[in-house]
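Paired with subunit B in one complex and with subunit C in the other, subunit A is shared by the two complexes that follow.
This part shows the complex of A and B:
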């Protein structure tokens, strides 16, 4: 986390078991560990009413650890895009009292939150925990294209190619940080590109 | 009678100018020789004749040219005008407010006649004569926000009030000082102000929000804000920053007077009657240094303000690259004599 931050930058917490009958978990990669850590503090039978949707990522780890929690449903998805229709359907049909838990990379948390917001769930009611990569999802303010998994500062827009300053300014609606041309005033100035969000 | 509207541009050949009368009425934003953030909000009441406060919604000699520039911006980027689905009623509130105020202040240019929900709006400078049903979007060529703000100078942020906060849920933003409606739409008051330096720590936004959420219908408020712009460009959006940013590197001692503009925002805040939202017009006034320094008091004071501005604020306002050149140029017009209190020219 950056030492100095701004108010629009999301702050993540630690997952904790909430009262409720239905619990929906969404996690990617190391986000699974946030769920297993929480499980140690959860009351007996907590996962009987839980659905876990997990994107293991390329390394394919942690699936067994989640299976061991014996959730009512464990769904493994290859990517966020692939689970989107299912997630929208689940949230559309959800009843009052569904609790949402999001864990893993900022990109996963942000995109899942975006879908939940569209379904009318207030963002303050969602449990979030950041685990794993600090990579950012970035919207280019110029061409509006989204670049996924940005790890450098500055970063090149994957759509229009401008070199962008990755700001801390964050939009929940877009699930993205803002990228603004870093050398707009003099394109010959090329600042060093550093690994800022590993 | 009436305003003589200038034919001018805010891009390409930049023919924008202020007439001598408009220089005198410019809303100079510094009441003393230094500047720091403050919650400088006051009641938005009618001011002296001949000032920008003569009417609560000001229409001036730049009206037609500004509306033409807005139409060009929207043609290039329709995302500059957006409204979240729950904001339609607030949009009609805004349409009513702007039609009423413009017709009240400038009857020779605008006429509103109402027969129940059947309204007729005549806008002579833009050649518009439309009859429509208030509240029925299908009777207008655009949604209510876009329709009326294509005919009103300034940007407009329409805020929903809920949970003790204000939410930027609709707007028309084409003359902005480097912020993006498309990015900030849906954010609350603290979130969309997040990038502003120093002011959060001073508690400015907490106090401002408290004030704004208590604004009452019929009792609008206002404040001034300012920055500087190179060339009289209205559309200094982040969207187009890669296009106008290079302008900042073009300032030389020879062209300061023509290129560097003080950009003042007259922001006002109005409670909307049906939606209980707030509309926040941000009206932009531009004046080039050559015009501004025709008032010696303003020249002296601006020199002192820009010279002494804290580095962080200068960076935020984007002045860094040309500040030394500007300060040097202004210093020649500052003999060190005192300035009189208050905003106006001597």
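This part shows the complex of A and C:
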């Protein structure tokens, strides 16, 4: 669970069933467990009006557990990029009464939230729960390139190659933490690189 | 003392009878300048000097926010109320110098919304007059559903229909026309915000249905100025100022505190904004809470009261004021 350090650093809750007519879940990897845990607290028939979009990730687990919830629809996607057109289409056609639940890594939650914000859902109206890896999606403030799955502090920008301090400063608009050059004065100075976001 | 607001010296520039119950008042600055800008949904508190007595009532600004040469309000006559609306109807004439507060908006549009769905009941139409003008000027997407008793009491229904055509839908009680609320709420595109202004029963009905149908609370906006209700007189001790005062039958607690020379903060005087929230030091009796500010739990706790609209019945009440 991420600790609150500065105001922009997102904090996540625990999924809870909301009143609504349709329920859209997006999850990756261990995020599936947030859904199955919530299912134990959901009223009977809750998943009859639910759609789950799931990215199993490399380990490929939890699909059976989600199938067992018997949602109206279960869509398995290989990556966030691959589910994006479907997500946008769903939100474009949706009506008020649709509730959104995001669970899993911060990268998944942040990117799904970014799309949902554009569709007009307030970020406080979404249910979120962080599960699994602490890996961060990072924007290099210098070249603006985004590096996915950053686990170290500092981290190298995959676009311009600068060594960046991964800040807690987060942008909902970009769905990314900000990375700032850590050795701008003397590029030969390389601080120890630690596994900070396993 | 009104928090964060300054007063405006105005003159009544026009008084227009709208229908049997509603009269419209136009105010301009006495110095001829422009009035402060406001956004749709804002209200002003109008000071009514009626002989010995001063009433301070909030009214929504109903003119276009694009025009600040004048402020306009519409006042529905309430023959059994505490007299504010009767004063406006019977005493206020063009040329009268009056004082109004700076505008305050506790019912503003959320301009991030993809669409604005507005529900008005009766005189609750007034903030929507300004909001629709604001949105129309910006090409905003809105739909207004307006319930009135009869066509002749449908204040501004004709103006709105003429201005906005199919974006306005009217429902007349005498013709048994009713909003199909569940269907309306369920057919709105994602990103719609809901605004409701009207009688308390209507607001509660709409809020309840919206919550049940999955509208997040952030998307539901409402405004209901509770007029202070008359009630049994009661005594109050103001611990900080060391005074014991009596609240008259037709007087609000806030008005009685002010009449005693104590100057508590206020803004809306309608139980909405929270400025006059007052701590209760001790009490022996029961509260009659009429505000929309405190939570149900706070109402039960007996530790807080909103003196603008709420009253007390019992042996003793000591306030931290």
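To be clear about the criterion, the second predicted complex is superposed on the first by the 194 of 198 C-alpha atoms of A that agree within 3 Å, B and C clash if a C-alpha of one lies under 4 Å from a C-alpha of the other, contacts with A are read in each partner's own complex, and residues count from 1 in each chain.
Please note the rule applied: contacts are C-beta pairs under 8 Å (C-beta built on N, C-alpha and C of every residue); 3 or more make two chains touch, one makes a residue touch a chain.
Only a predicted model underlies this, so the values are computations on that prediction, with no experimental measurement involved.
Visitor: What is the contact status of A:120 with respect to subunit B (first) and subunit C (second): first, second, both, or neither?
Guide: A:120 contacts subunit C only, not subunit B.
Visitor: Taking the superposition on A as described, I'd like to know which of subunit B and subunit C A:184 touches: first, second, both or neither.
Guide: first
Visitor: Return first, second, both or neither, reflecting whether A:98 touches subunit B, subunit C, both chains, or no partner chain.
Guide: Only subunit C is touched by A:98; subunit B is not.
Visitor: Once the shared chain is lined up, is A:79 touching subunit B (first), subunit C (second), both, or neither of them?
Guide: neither
Visitor: Output check: A:16 vs subunit B and subunit C. Expected answer is one of first, second, both, neither. What do you get?
Guide: It touches nothing on subunit B or subunit C.
Visitor: For subunit A, which residues are in contact with subunit C within the complex?
Guide: 18-22, 91-92, 94-99, 119-122, 124-125
Visitor: Residue numbers of subunit B touching subunit A in their complex, please.
Guide: 79, 180, 182-187, 190-195, 200, 238-242, 245-246, 248-249, 321
Visitor: Which of the residues in subunit C come into contact with subunit A in the complex?
Guide: 112-114, 185-192, 211-216, 218-219
Visitor: Please give the residue numbers of subunit A that touch subunit B in the complex, ascending.
Guide: 6-9, 139, 141-142, 144, 162, 167-169, 171-174, 178, 180-181, 184-187
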